[in-house]
Amino acid sequence: MKKMELVKLIDTTRCTACRGCQVACKQWNELPGLKTKNWGSYQNPPDLQWNTWTLIRFNEVADKDNRVKWLFRKDGCMHCTDAACVKVCPSGALYHTEYGTVGIHHERCIGCKECMAACPFEIPKYDRDTDKVYKCDLCYSRIKDDQQPACVKSCPTGALSIGAKDAMIKKAYDRVKKLGGDANVYGDQFVDGTHVIYVLQEKPEMYDHLPKHPRVPFSVVAWKDFLKPISLLAAGGVLAGSFLHYIIHGPKTPDDIQENKTQGGE
Amino acid sequence: MKKGMIQATDAFERITHWLLAISCLVLCITGLGMMFHSFNFVGTMMGGLKSLKYVHNFTALIFIVALYMAVRMWWKEAGVFVLPEDLDWIKAAGGYLWHVDKVPEVGKYNPGQKAFFLVVALCGSLMVVTGLIMWAPLIFPVWLVRWMYPLHALGFVAIFSFFFVHLYLGTIGSPGSAPAMFSGWVTRAWLLKQHPKWLKEMEEHGTLVVYGEEKESIEHGH
Amino acid sequence: MEITRRGFLSLSGVIGSGLVLSPLGIDLKPMMAYAEELNKMNRIKAAKQSTTVCSYCSVGCGLICSVDKLTGKIINMEGDPDHPINEGSLCAKGAGLFDTTEANKHRLKKVLYRAPMSDKWEEKEMDWALKRIARLVKDTRDKGFVTKNAKGELVNRCENIGHLGSSNVDNEECWLMSVKARALGLIYIDHQARV
Amino acid sequence: MTNHYIDLKNSDCILIMGSNAAEHHPIAFKWILRAKEQNGATLIHVDPRYTRTSARCDFHVPLRSGTDIAFLGGMINYIIANNKWFKDYVLNYTNASFIVGQDYFFKDGLFSGYDAKTRKYDKATWVLEKEGNGIPKRDMSLQNPRCVFQMLKEHYSRYTLEKVSSITGVSKEDLVKVYAAYSATGVPDKAGTECYALGWTHHTTGSQIIRTMSIIQLLLGNMGIAGGGVNALRGEPNVQGSTDHAILYNILPGYLKMPTGSLDTLEKYLHKCTPESKDPQSANYYQNYPKFFVSFLMSMFHDKATKENEFGYSWLPKMDDGAAYSLMHLFDKMYEGKIKGLFAVGTDPAVSSPNAGKVRKALEKLDWMVGENIFNNETYAFWKGPGVDPQKVKTEVFLLPASASMEKEGSQSNSGRWVQWKYKAAEAPGDAIPVGELTIKIMAEIKALYAKEGGVCPEPILNLKWDYTDYKGRFDSLKVAKQINGYFLEDTVIEDKDKKTKTEFKKGQLVPTFGNLQLDGSTSSGNWVMAGSFTAEGENKMAKRGKEDSTGLGLYPNWSYAWPVNRRIIYNRASCDVNGNPYNPKRKLLAWVGDKWVGDVPDGPWPPQANKEKGKYPFIMKQDGLGALFGPGMVEGPFPEHYEPLEGPLAQNPMSSQRINPAIKIFNSELDKVANADEKFPYVCTTYSCTEHWCSGAYTRWQMWLLEMQPELYVEIGEVLAKERGIKNAEKVKVSSVRGEVECVAMVTKRFRPFTVEGKTVHQVGLPFNYGWLFPEGGSDSTNLLTPTVGDANTFCPEYKAFMVNVSKL
């Protein structure tokens, strides 16, 4: 049954980096906190981890007037429509849900880490102990029950919201229009549209770890869309060729044994 | 065993061959199980795709050893083309595809076999390198890792194709060949047909081992 | 319940593989369905819900606790969407309030006692501790009680016992402590209102 | 808070100063941002450091720690000089027109009546003149040079832009930007509000900073209105309640004053504490003080309290006149070896108290300590702390396991005075029981001992009413809540002469409002401000969950209970003009319609003050009924004045020759060292919490989700200073003050920048105070090893926010 496509909007201009979402995600998904150290930043863990599916990134930048700006960005799975991870996943652990989001059947994951290399946003993270890869599934168990994802529910300031795709994209563009300046919408223009979109306060290149032009890697396209069918063709060709050879040309059978004997007797 | 059979391979060669062959086959099958969702059932038979992954990865270790043994053993014999006779053979396609009055005489390995060996050696190495990187992708840069997957697949396509041709020609496509890798003993007739030059060489060097005859010459050969 | 991955994976772990090669043709569907049936959402739906108020800052956000009816343990806490102040939202500390429940392995569960000059805690029974505390309070108070101050004014106070805390207990508890301290005659009374 | 959290959305300009609202009250910030979105409100953050709050405000203005009064004094000057004040409001609702007594003066940083020896003021001259009939003298033209308005104007005319800029390190342009934006709310249809927190209270001048802001709010007509007020965003879940219930040395529950030695009889005490006003238009609600006090004594001693024994007044402990017994005094005495026993309930002073090194030494001198908590902390485990040899510490320590918040039933009061009931979700683990139950059981054991053995002054202990358990012997919070609300102890008839009604109450019924409390011991109330939290029939209003919002202002009158009498915005009658018409018709908090008030629960039923006969002034808790621009309540003067912090970068106060607050207590133990303008400690330091931790971190450091985000102590250093000191980001550094040192991680940031103060460059650094040695390992120790033992002169809130340090590479 095809359900409504959902989009989560992250409005960075409303985010206070309280990190309620980061903890709510762990609380709901029962992910542990791990030992970290202060590495000179509020951002911790320093990157997404198998136990951290959503992370607030902190960026200190100075504008042209040398005024400081502190940018906050909630990082996590973008839930691409043309999702490289789903493309490459050998086991079908990563899949598109009926909401257009990218779900993950952890029990099916074999820990091959292929999705990690494929993802243009470097989202999936591997855990050695369970030999599996983890990432946000946009709280599939919650949205299925008409509940907001844990992060969206926890967000105090309305920086996170979720709803029907068209409505959310419109909301994002309306907001950007109101904000003016460098504000922009990020996410709907590539990989056939992500199911997580941003309203960014600044140009994308001002944010750490945010690709300016994300796309499914060429290697993935080359393999999955090109090499895979070719390989089938090649395999089929070889089989067919061999068969044809057998029936047309026939096997290469040794000549009469007597002849050999003569030779052997030399 | 019939008297007069000729020893084509020794036990070490056969073990190496089969180690390589079986590991390669297992890798192909398990690889397929991961490459195509429609082949995922292969994993189910092994208790889940994860087991399949482990089978694939650890079979690869056997494959690496076998490949190393094979390359070391066969490189001199099968890894070097001898001109011009090999070229002649290739021009005639070894008599496999169209009628050739006189197929150029070949030694222990014909250029087809040499080509197959080279494909196995090179693609095998490619598979080993790409596979190992895929096994531990987190210690390599992402751009590199990303290309390992298509290369691994490409290598698979090549090996798979040659593997099948090899299988065909080693069995029904060329009757009498199979025993060379099972018992190691072949008929003189097969040898004359397939590898006349080698036969001659062995006879000249006195390294020919014939079932039921004295084997004195073997020692000399070494 | 301890917050570990084990808890998280204990259901899917049944299905997970490992190296054990199983016989041909396991049908995974029934087990998947089992895991699905017991997902957190369904456990919460079957749980008893009660409201509480966050125990960090003074905004007073509402939360809903879900309590497993069989074990009596809290299995989930999240914002109360009906609450007019937080409207279901929570900050990092509030969202993590679940980690102050029994799920946190650092919670104190037994009376700990440290004897004079000792270098370690010992576990004690509550009744013993309460009796011992009462004895110490009485002896100290009787020794340090000041009926009249230097000016000769009647002050009826106990100057050698202090009472600190707390702004993190309920009103009813605050009142009891406040009244208890006054009945004992304490004057060194303070709590986090200043700090 | 005079207002409440949701009400922040009704503001047109929000000044966040002394608070980091986005980090410490993230849900409050929800409503702050809503003001911006709904009303186009301007959000201003004035703070020494750029924080997550600054990131979301329209502008951030950094100022040097400890210079808030200078900054705000400049705003008062700006408002008056530029005629931005709200005349109708100032004239009618403040004491601007009152005449200041002839003997009052201010000179070179000192007010009249100062005694340098005791560091105290005699307030005798800080008075307002009265007519012969006892009614205050007024000059409604505000021209009299001795009227409050003119005195105020004169006092703050010294706070020129140049002066303020030089003291605070804020550029003149930035000062004007803030002053102009904020004073634009001095019109009837605009509301400006201020949010503060520990950033203001943690100064030796903390109370006066708040008063300066109150003066601004009165001048702009922002008190008592929706979207206005001076709002303390308090830091603990029930710090409002714990203050209401007076776990403090200086008050009794309901802000009743703690008796002192000189007030040896109940009569003397009540006379001293009950204010009097001759002005018929002043409600002077505290004239009812005696009823509240006697009802409190009745709740303590019940039938043991009689008229004959002054309701047990003599059993209450008395303070010495003029003495204080705060946390700092307690540890000072403990360090002297005079305190033998300590109850430390849900608190961690070994981390959270100023000059923690002294606190830890003091703890070693205890005979015993009783801790009650849900987690262990550095105070309970002080005997095995860094540098302590357990074999030399005699202290007997009991650590009793307590129930967490969701494991017990009871109420909690938020900063907006909403008293919310919460339910018990699960049993506490192991032997843990609620703090209330521990309190009941310990006291019951003590009572039993005194009953059996007798002892010194046993009466208050034996006579204390103490039956707050249920039939299973467990803590019954409802029983306590009802006792706090209060009962009729006899059959009573309440007569309302205005309405000509008579209501009968039976003995044992709950008191439905504090208006019903009696002087003769016929009612009890554990805390008069909470009288009315139940109906007479026993309905618990604190548990109400109604979502009606008839005003549309987010008052939610049917959600929980707000003291007093469910009033959501205090002094709300000031939101209307003297005829009872709302100043801002768009935000109708209250209106006089016909013969009654409609909207929020008004501050009393009386008509608006234009009705000279029955009308009353809006500030009913004030003796004179009006907002106090001239306020003799504070110990250091009726007008706030800028003084430097105890430890600062300047050798002199640019405003006067009084460098520090003349009225603060100076502690003199050998561990109370001070290093002002000392080149060995050249950097201004401030301390604070972080979003991810709470207070001393004694709860949050045990929680891996939170610890993972902020795992260890750090010091924030600006890039300029870091370069000067050769410190790289994430390097380990040592921060030291004259009192102690801590090791931590350097966080080199663009968010800290040097100030130019009195012509010289002053660097400021900052550290969170959420860490201690016990857990996590390697998380470093308490920042309070650095801070001085000194506090606000009125409240003894320690000065955590401004002191001097050095930072060096390890």
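Letters A, B, C and D name the chains as they come in the text, with residue numbers starting at 1 for each one.
Just so it is clear, contacts are C-beta pairs under 8 Å (C-beta built on N, C-alpha and C of every residue); 3 or more make two chains touch, one makes a residue touch a chain.
Bear in mind the structure is a predicted one, so any value in this text is a computation, not a measurement.
Any chain touching chain C that also touches chain D appears here: A. The busiest chain interface, judged by C-beta pairs in contact, is C-D. Among the chains present, the centre nearest to the common Cα mean is that of C.
The most distant chain from chain C, with centres taken as the mean of CA atoms, is B.
Note on chain placement: the centre of chain A and the centre of chain C lie 39 Å apart, centres being C-alpha means.
Chain B and chain D have CA centres that are 85 Å apart. Separating the CA-averaged centres of chain B and chain C is a span of 69 Å. If you average the CA atoms of chain A and of chain D, the two centres end up 49 Å from each other. Within chain B, contacts with two or more other chains are made by residues 48-50. Residues of chain D in contact with two or more other chains: 26-27, 30, 691-692, 703-706, 709. Residue positions 3, 16-17, 77, 86, 89-94, 96, 99 of chain C each touch two or more of the other chains. On chain A, the positions that touch chain B within their shared complex are 88, 90-92, 108-114, 116-118, 122, 126, 131, 217, 219-220, 222-223, 227-228, 230-231, 234-235, 237-239, 241-242, 245-246, 249, 251-257, 259-261, 263-264, 266.
Contacts from chain A toward chain D in the complex involve residues 14, 16-20, 22-23, 26-27, 32-42, 44-45, 60-62, 68-72, 156-158.
Partner chain A is touched in their complex by these residues of chain B: 4, 34-37, 40, 43, 48-50, 52-53, 95-98, 134, 137-138, 142, 145-150, 153-154, 156-157, 160-161, 164-165, 168-169, 172-176, 187-194, 203.
On the side of chain D, the complex with chain A involves touching residues 22-23, 26-27, 29-30, 33, 50, 52-56, 690-692, 703-714, 729-730, 745-751, 753, 776. Of all residues in chain A, those touching chain C in their complex are 18-24, 26-32, 51, 106-107, 110, 127, 129-130, 132, 141-142, 144-145, 147, 150, 153-157.
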